[in-house]
Amino acid sequence: MSTFQAKDQNFESKIRERLSGQHFMHLMGFDITTILAGEVTGEMKLEQKHLQQYGFVHGGVTATILDITMGFAAYSLMPLGKGVVTANISVDYLHPGDGDRIIAVGSVEKPGGKMVFTSGKVYIEKNGVRKLIASARAVMAVIESKIDS
Amino acid sequence: MSTFQAKDQNFESKIRERLSGQHFMHLMGFDITTILAGEVTGEMKLEQKHLQQYGFVHGGVTATILDITMGFAAYSLMPLGKGVVTANISVDYLHPGDGDRIIAVGSVEKPGGKMVFTSGKVYIEKNGVRKLIASARAVMAVIESKIDS
Amino acid sequence: MSTFQAKDQNFESKIRERLSGQHFMHLMGFDITTILAGEVTGEMKLEQKHLQQYGFVHGGVTATILDITMGFAAYSLMPLGKGVVTANISVDYLHPGDGDRIIAVGSVEKPGGKMVFTSGKVYIEKNGVRKLIASARAVMAVIESKIDS
Amino acid sequence: MSTFQAKDQNFESKIRERLSGQHFMHLMGFDITTILAGEVTGEMKLEQKHLQQYGFVHGGVTATILDITMGFAAYSLMPLGKGVVTANISVDYLHPGDGDRIIAVGSVEKPGGKMVFTSGKVYIEKNGVRKLIASARAVMAVIESKIDS
């Protein structure tokens, strides 16, 4: 649950607009479901295209949906004219991902004018049971951005 | 340049076989170009589907091709019956990725029977000039694996 | 709050014994205050010897007390004959550390027979107010250990 | 070997001055031996005070000397009035540290006005043989700093 104040009250519609340019997210089929100030959640149905050779969800899928949700969580707190890019992401893979749906939650831990510290979790749902499969942290760098004005 | 001895001399053909199950890699369009004992390289042409809202290569693309090349670099040193899965990956994004082709090189830094330490680099080629855009490290966990027997 | 079951019921006294060999911890003056199955807490009074050139707590101090508490949190769940060593630690420094006391809490996120995933937090107390200054994650490798038998 | 240009030609003497405030470094007994633009090396004799319960160098010692050398490598490229603090450090422990001397080398990978990306290596010398025991990466945040003017 987010406890942060957005500086731009239109943060939700601004994020919705940015999603149209998230081409790689669309290639995967991932959707953003909830946008709060400092916390963004998304999910998708797992399909064969998301897997690696052992039949589990690809580590790149997990890293990508973490990057997206943590990035937009940081972006939700930006004032007009500022965007964010990932400086560092670190992902721990706790369990192999095997299931029907995959959910990612990105949260701001500490906002800032130059960098934003975020954390993220990825869950798999299988037969109605949700399981944590990855935990992550990312440092997001704040940038000047014309398209975010 | 790799300085490691493979334990399974068929490592290259074994990796080529595993690639057929790398569904997410195929969705992206990434190809493995060079397989050495302890070092694996791949590349792809950058297209709109790989980008994010600022027009740069998506951080998830970069993380994915690092995960693939570092994972197969570790796998190239495994004996028969052993595979690897990523335990932790950490990626530093040095520059925004803007160009024609993207290249990833994954290298083993220290092999082991339980875990393998690897490092990786991602380069962008634009108008014939190659530039380093990301540096990464990953800890790969060794697993028992029937399909690798 | 820990939700794990210890495999060796003497885990607390076993950890107390191991502390005598933690020479670098004693050089710093850090004390372990609470030992639960899967969660270990420690603290110390901040003194000049713990600082860097800007007058803040040294990043190495923060990393060390995270390594100690996360390592012993993992160790608390080990059966007889097994120990742990750090494979990877990643620390995010959220705020400069300036205060009277420093507290570290290490927690197991996911136990395992080959590796244990842990997380950690460091707090500073200043004039009775506690503030989170660092968040960390570590992968601990399980080792065979004679002294832990 | 460094390939960067310092913005303040007095970077070496400025770093030598800053070392007096590195209280925790002095507690450990670590010395900076070589200061280049973008690369800083240091070392110390290993003593019992640096060890953990298995008789190996403490992970906190390794993390601390990486933090110091990577931090000063970044600082060596700062103009007057700017300093650096660690935002994130990630350390991979490749081998247990057992030997006579320990050496850390911190290098800038990519300088910048807001953040500096660095990498580091730690070596142990035992009976005249040098061995790599840890590899690290750190993101350093650039700060305004009165004492660096």
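All chains are identified by letter, namely A, B, C and D, in their written order; residue positions are counted from 1 within each chain.
The rule is simple: a contact is a pair of C-beta atoms (placed from the backbone, for glycine too) under 8 Å apart; a residue touches a chain by one contact, two chains touch by 3 or more.
This structure is a prediction, so every number in the text was calculated from the model and none was measured.
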(message) Quick check: more C-beta contact pairs at C-D or at B-C?
(response) C-D
(message) Which of A-B, B-D or A-D has the same interface as A-C, meaning more than half of the contact pairs match by residue number?
(response) B-D
(request) With chain centres taken as the means of their Cα atoms, state the distance from chain B to chain C in Å. (result) 33
(request) Take the average of all CA coordinates in chain B, do the same for chain D, and state the distance between these two points in whole angstrom. (result) 29
(request) Please report how many Å separate the Cα centroid of chain C from that of chain D, as a whole number. (result) 22
(message) At least two partner chains per residue is the criterion; list those residues in chain D.
(response) 87-88, 90, 92, 137, 139
(request) Under the touch definition given earlier, write down the residues of chain A that touch chain D in their complex. (result) 87-88, 90, 114-115, 137, 139, 141
(message) Quick check on the complex: what are the chain D residues that touch chain C?
(response) 18-28, 48-56, 58-61, 63-65, 67-68, 71, 83, 85-93, 96, 145, 147
(message) Using the touch definition from the top, list the residues of chain A that touch chain C in their complex.
(response) 90, 92, 94-95, 109-110, 117, 119, 132, 135, 137, 139
